[in-house]
């Protein structure tokens, strides 16, 4: 069996300028931030991002100048406010935005995974989503004559997601206590040609066998795995750790202007050599305080 | 890696391998064995992998029924927990000895005397020793209470002494009947396995007695390296060599780095 | 439900008096409450008496820092490295008083105390210098002929340390505490001691404890204080959390062979860092994360081959 463990640098090198990149996670939950930081460090440009509900992940890439287009239902920082890099890019023009709802945002991946070229839904009918999103079109059911919206299958070049564990062959698991195991990240992971998964810990074969029901992405769907503890930081990671309130507030303040955001990126992302150095700057005390009991463990 | 481990290797087999195999053969199948660090651990692994697969290995930390995948470096080594049958406390493990449940124990020591008593406490005055040693640990308990005791030490004059400077672990104390008078259980030491020979104890006098010499070793050499007059068994034989299978197990699976069986470095 | 036994590490250490008789949890290179010990050294504790079985790391650190005055114990040894250099040097110089026991005998003294009995009968130690040669102990053991059978036994008296300091895996706010793996002597230590301080890797909700009561080693009513100290056993290991830091232990051992080098080690690793977080920062997150246990095995790494 092929071993798929890579370092962060090597794994992100699989992503090329102009690639369509699908990103897992939702709002402040389990975005693959360690991978995103490395994409920024490696200076990728012209990326076409896909997701279904996004936040700091897409906003940071936009602010870093990596992005040509975004296709998702939402880019915002939840209770903290708007995603200001995204907002600036939209209001100035130059960022192509493909608007979805959460349903259609997931449907586009669902279609790909099911081997279909589209997925039918009622949700966006009658809304301006139909007018502005060229990946949505109206069709008629051949049996009943009812109108449906067809959501075009997403075909990402690369998917990046963050999960809890994997063995070295790429059998990816989420803890028993987890968010969204049936859809979203799993669909995103299966839809792409190349799938890069960062995990909290690469574990033994024994651990995978012991809990085979926890496997969400069998190795067939996985190209590379990277061990990145706290790899979703400052987002939360299910029962493992909360999102970092202090860091998200700092991010939001910094994103209020281009200048302050560049300074933030230089200090936090570009100014560190790798993910471990990023974590060392956050500090063991802060990380331990975010860490929740591992209730999924025996 | 100490070079004296490779000295005197006969037929490509090290002295430590001979010791490990001799010790392994002392464990009978299904017996409960109390195990310490070092060569005893190697011997126990070998016994379980060969003629005594059902032997139950007990470690003083509280690990019962270990079936380890990898050689451990201590009696509390977490690797011993992986795949064990029961994990409990020290009192449980040690009280198995007093309850008569432990068939065999293995011990090393800084000093061994002709009655098989051991010193792992102090050289010199007890309160102001020249050399303070680690202390009894489970040694005294094992020596007092196990059904059988196997002692494993390098064969050196300064180690095999007429009388230990501090009597930590009872062999036969000062001679026949002494164990019984002190109320101790078990047969006492049955074997002493060294890098030169295998010894036992004369049933009448309870004094140490040469039983077999390892291949390439002479009786005179053994006596010269013993610090007391050594009795001889009626017929002093030769210690059986390890089989090819046993050597392969030791070198490839149990102690591939040669930490205890030597031969490397 | 409203009250909590959780206190800070500095509060817990401050509550231990100079000259106290302390029994520390842990065994050899495993689950030893060293964050607590380092804080004791930082706070200049003096004249400590240990009631010990095999807590070698505590003995050597406290001996090296000049904190340890006397120890009743069974075995102090750094398996794989050598003798406890600070400890043996101090004993050989007459700076630390000792009283030797076997594992079973010293543990039986704790058992007696926990059982509310004045003594426990044992068969160990008889006929040996563990009885014949005395250290500082006024009462160590007395021989008795069994009143039923006449069989000789030794009676070891109960010992009730002032404090037990025990590092465990997880505790709730009531002090109900759990441990993975073997438990060494912690259950007996907690029952025998007059006060029990638990340092714990994580403070959890009581529902976590109640979901797996078979893992509970100390019910809360035995525990007086709980301190949350992640990596609180470092450099010793914690089953299902992190392996021992063998590299740190080798460096420690090398330094401990020479008093001046050990003084430098204490300055750098104990007295220098102001608290446990500063110590962990110095160890480094990279190193700590590399020690993490595999959840399936409970240890950090393992070869695939099976030997038994």
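Per-chain residue numbering starts at 1, and chain names A, B and C are given in the order in which the chains are listed.
Criterion: contacts are C-beta pairs under 8 Å (C-beta built on N, C-alpha and C of every residue); 3 or more make two chains touch, one makes a residue touch a chain.
Remember, it's a predicted structure, so these values are computed and weren't measured experimentally.
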| item | value |
| --- | --- |
| Central subunit by CA centre of mass proxy | C |
| Best-connected chain pair, where connection means C-beta pairs in contact | B-C |
| Chain at maximum distance from chain B, centres defined as averaged CA atoms | A |
| Cα-centroid distance, chain A relative to chain C, in whole angstrom | 45 |
| Centre distance in Å when chain A and chain B are each reduced to the mean of their C-alpha atoms | 59 |
| Chain B and chain C: spacing of chain centres that average the CA atoms, whole Å | 28 |
| Sequence positions of chain B contacting 2 or more other chains | none |
| Multi-chain contact sites of chain C, meaning residues that touch two or more partners | 297, 302, 304 |
| Chain C - residues contacting chain B, complex | 27-30, 53-54, 73-77, 79-80, 83-84, 87-88, 91-92, 94, 97-98, 100-105, 107-108, 111, 122-130, 132-135, 151-153, 181-188, 237, 239, 243, 297-299, 302-308 |
| For the chain C and chain A complex, residues of the former touching the latter | 170, 202, 204-205, 208, 212, 230, 240, 277, 280-281, 284-286, 288-289, 292, 294-297, 302, 304 |
| Of all residues in chain B, those that touch chain C in their complex | 37, 45, 48-49, 59-63, 67-71, 73-79, 81-82, 87-91, 94-95, 97-98, 117, 121, 126-141, 144-145, 166-170, 173, 178-179, 181-185, 249, 253-254 |
| Chain A residues touching chain C - in the complex, by the definition given at the top | 165, 201, 203-210, 229, 276, 279-280, 283-285, 287-288, 291, 293, 295, 297-298 |
